[in-house]
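Here come two complexes built around subunit A, the first alongside subunit B, the second alongside subunit C.
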Partner chain A sequence: MLPRRILQFLIIYVLGICALLALKYGAGLSDYVIPGPDDLWRTGTEVFRPFGLDVLNTLTVAILGQVISVVLAIFVGVAGRRATWFGSFIKVAAYNVQAYPIVALAPILFILVGDGWITRLLIAAMICYFPVLLSVLGIMSEPVEDIEHFYRVTGRLRWQLEVKIRAFENLSKLTTVISGSATLAFAGTIVAEFIAANAGIGYSIRIALYQSDLSRILAALFFIGIVLSVYQGLLEITGALVRRTWAGV
Partner chain B sequence: MRLACRDIRYRYPGSENELFNGLGFVLEEPGFHAVFGPSGVGKTSLARLLTGGIDDFSGDVAVKGLPIRLYSHNLERLPGWSSVGKHLSRITPPGREAQRETLVEAFGLTGFMDSRFSRLSLGQRNRVNLLRYLIQHFQLLIMDESLANVDEQTREQILLTIKEMFPESCFLYISHNVVEVATFCRKILVLRSPEKSPQAVFVGGQDRRKDARLDERRLQQSMLEIVNAS
Partner chain C sequence: MSEHHGLKGNGRALTALAIVLAVSFLPIRSSQAAEAVVYRLKWLFNVSVVGDLYADEKGLFAEKNLAVTVKEGGPERDAIKEIELGHAQFGVASADQVIRARSKGSPVVVIAQLFQVNPLQWIYRSGRVRIGNLSDLRGKTLGVTFGGNDESILRTLLAMAGLTERDVNLFSVRYDYTPFLRDRVDIWPVYRNAQGIILQDQLGAEGEETAFFNPAEYGVRFVANSVVTSEAMVRERGDMVRRFLSSLLAGWQMALEASRQPQVLEMLARFDPNLPPRVLAAQLDATRSMVRPEPNFSVGAFDAAAWRQTERIMLEQGLIPQPVGVERSLEPAFLP
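Let's look at the complex of A and B:
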């Protein structure tokens, strides 16, 4: 699972670099626009340590943001699963708010909280939160009638059991959603760093952009891709372990 | 006990045809009874109506002495997070442990208590599902195809065990097997299409019990009456 993810990323990354180099030599572009292979390699070795630390910094914020958003989404999803006024309100609100680009709200956070760690965390959590919430709401508000029937007619269906049954029956869906939301949390953190921050790989990309240094940008993309592949792979392995332990499959 | 339906009229939302058109019957004795009829005639709908699953019908359902009415069907599943045995232990009312063990043995499930529900065959699943209903408190249990996919010999053993262990309870066994309902059931409620009047008629069955000899001629007679009525 994990090696396959990393291999897939490496193939795509190498193909992308090859396409850029083909464009460079095909169109006769200068090293200033698209650097050559030796420049790419040199920059890669130069920034290996600082970019490695930057991407780990970003990953830390992304993981924390994802955890916050997943916990919050499960809490709200469980609370809003019922066909009550409150449940309907949460569902409508979630559908409407998720349609709004959260990134567009980032400037407000920067004005209110500044460009530090908290802002990055909040934006990561907000970008990650709504897609996870919609999935959790969908799962939690759908009865598993063939299992719940017995507990309902015998008066045993407490809300904890109802949530447990629905979570268990949709375990694959839930773990896939949580694994997929890692990309969103990572993208949110990078966007926050890119707009206004003083740390993280997004911040490094912004500096490289101002210097028009494509080598550094490509090196940053390499680190982002590798770290994200590893993180998602680990989430998938964790999901599979949970399924195996809980469901015995 | 008394279970009486009078002038029941019902159609599913969006359907043009009435499912029940003045359905009426009275059942006044406990025992193992059956609901029989062709597919689509409303057996499952009647079961849901009697147990509160359908309430937007017109007419009267008068129930006396049957406060707890349960409906079980053959598409039910147990949660997959633990073994069948653990699930059964958890849902056994206090004081019914011995009854559960007796049923487990009679249902031929002794060797499957450590298995997860998803690992069982269809017949084993249906047996486990029926068993967990039988150990609950109830006065009326509707068994909707509850022994589907169970072999004939085991089915016979299960039905005889149920009749022996729960003589005071009322059962409505929904089945398409005319031989089975004629053999084991006391009364067979034959449901007919809404165009026919009356829409439901009772036919007497042989109500076979353990160690009792079956009169083949009377069984043939019951079967003929059921087929003619449907």
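Let's look at the complex of A and C:
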């Protein structure tokens, strides 16, 4: 599963680079617009170590942000699963806050917690949180009538049991959502680093953009792709293990 | 009768043909007369592009048979790349962009230097922070945009003062001024003629005195906004380049004339309606002193020494691998 993911990423990356190079040589563009293979190789070797460390730094924050957002999303999703006033209130809040651009919220975060590590973590968690919450709300607010009916008529359906039934019956969906949210957490962390940090691969991309250095940006995309492929692959393996242990699937 | 009818018919046919030809040629002639040109600015519409806007508003390009679309710039825009890709014919770029592009083989040419004094300076609270000479930077928290040209300027200034990164605190700057407003940073990079005036006004309203740290006063004259085009345009469309530049520079000359100030401020207020007139007036005054330092100064002239110094700084800081001979990219032949 993992080697296949990495191979697939490498194929996509190489095809992308080849398309850029075809455009470069087809249109006779300079290295300033699209870097040549030698420039790409030189930059790749130059930034291998610093960008490698940057992307691991980003991954650390992304994992923490994802954990926070998943825990929070499950908590709020369970609380807001019912068709009560509170449940509807949570859904409205989730939909509305998701619509706010994070760049508009960033100045408020700067005022509240300053810039740096905490802001990065918060922005990453915020970007990852709402889509996960919506999925959890969708799963948790959908009754599994076949099973719940029995417990309901016998008066034994407590909220803990209801949540367990719905989670168990949608285990595959839940693990897919959590695994997929890794991309959101990673993208969220990079956005956060772009607007509110002095570290991480997003910050390095920002500097490269200031310098119009596409070869550095392409190198950064390579590192992001590789690390994300590995991380998502590991999450999928973990998800499969959880399903096998709990449900024997 | 029939002959008469035939002649009459021929006459009608000829008239109709003439009308058809006239109608079909009209749009062709008018489109040939007004050549379409895209001009990509470096930043958003504000006082820093007042001459560009004025030339467009007053129809100076149209007088030279050019249909110019003036497009806003921004952090993600790069006029040099757009020119090379054919999305624009002219643009505005800073010297560091030109030098980087030349070092990577881009055929970019500079046809005018708009700003004679770099507006990129640092604002500070003069009531609390004192900067009388470069060594006063020691121990201070200095705002810097890592990767931006203010980083190159600041590192040069620190080197001139014999200071290293350990002697100061470098604070990474973004679009948000909160760290400076909350007094967490001693000096903050701004475009003195634009955001600098706004911050000065805001802090002044709260009783705080401000001043600007100008690198040029310490001998660092990093070149700012200049008009660029491609070598092919210069070589093959010299007439168009001349017409474009003469209109553009006329726009700058006129926009900076004191006698036209009311109408220029009225125009700026339309582009930036949130700024009070006194701030716009102060911005225009500051811009005037940077683009036309002397009343008789011819807008657009090159400061070749400053270009050479910019290249040398970039070379020393490893931003370019080898000299590019930036003077070869300066093309003063089109200046009026």
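In this text, the second predicted complex is superposed on the first by the 245 of 249 C-alpha atoms of A that agree within 3 Å, B and C clash if a C-alpha of one lies under 4 Å from a C-alpha of the other, contacts with A are read in each partner's own complex, and residues count from 1 in each chain.
We adopt the following convention: a residue touches a chain if its C-beta (ideal position, glycine included) is under 8 Å from a C-beta of that chain, and two chains touch if they have at least 3 such contacts.
Model, not experiment: these values are computed from the prediction.
A.B. asks: For the overlay on subunit A, clash or fit between subunit B and subunit C?
C.D. replies: fit
A.B. asks: Quick one: classify A:Asp115 as touching subunit B (first), subunit C (second), both or neither.
C.D. replies: Touch status of A:Asp115: second partner only.
A.B. asks: In the superposed arrangement, does subunit B or subunit C reach more residues of subunit A?
C.D. replies: C
A.B. asks: With both complexes overlaid on chain A, does A:Ile147 touch subunit B (first), subunit C (second), both or neither?
C.D. replies: In the superposition, A:Ile147 contacts subunit B only.
A.B. asks: Once the structures are superposed on A, label A:Trp246 by its partner contacts, choosing first (subunit B), second (subunit C), both or neither.
C.D. replies: First partner only.
A.B. asks: Check the residue A:Phe168 against both partner chains and state whether it touches subunit B (first), subunit C (second), both, or neither.
C.D. replies: first
A.B. asks: In the overlaid three-chain picture, which partner chain does A:Ala208 touch, first (subunit B) or second (subunit C), both, or neither?
C.D. replies: A:Ala208 contacts subunit C only, not subunit B.
A.B. asks: Mind working out whether A:Gln160 is in touch with subunit B, subunit C, both or neither, as first, second, both or neither?
C.D. replies: neither
A.B. asks: With both complexes overlaid on chain A, what's the closest CA-to-CA approach of subunit B to subunit C, in Å?
C.D. replies: Between subunit B and subunit C, the minimum C-alpha distance equals 51 Å.
A.B. asks: On subunit A, what residues does subunit B touch that subunit C touches as well?
C.D. replies: none
A.B. asks: Over in the complex, which subunit B residues touch subunit A? Could you list them?
C.D. replies: 51, 70-73, 75-81, 91, 116, 118, 129, 132-133, 136
A.B. asks: What part of subunit C is in contact with subunit A in the complex they form?
C.D. replies: 75-76, 78, 80-81, 84-85, 97, 100-101, 104-107, 145-148, 172, 174-176, 178-179, 182, 319
A.B. asks: So in the complex, which bits of subunit A are touching subunit B?
C.D. replies: 146-147, 149-150, 153-154, 156, 164-165, 168, 246-249
A.B. asks: Could you pull out which subunit A residues touch subunit C in their complex?
C.D. replies: These residues of subunit A touch subunit C: 27, 29-33, 35, 39, 106-107, 110-111, 115, 195-196, 198, 203, 206-212.
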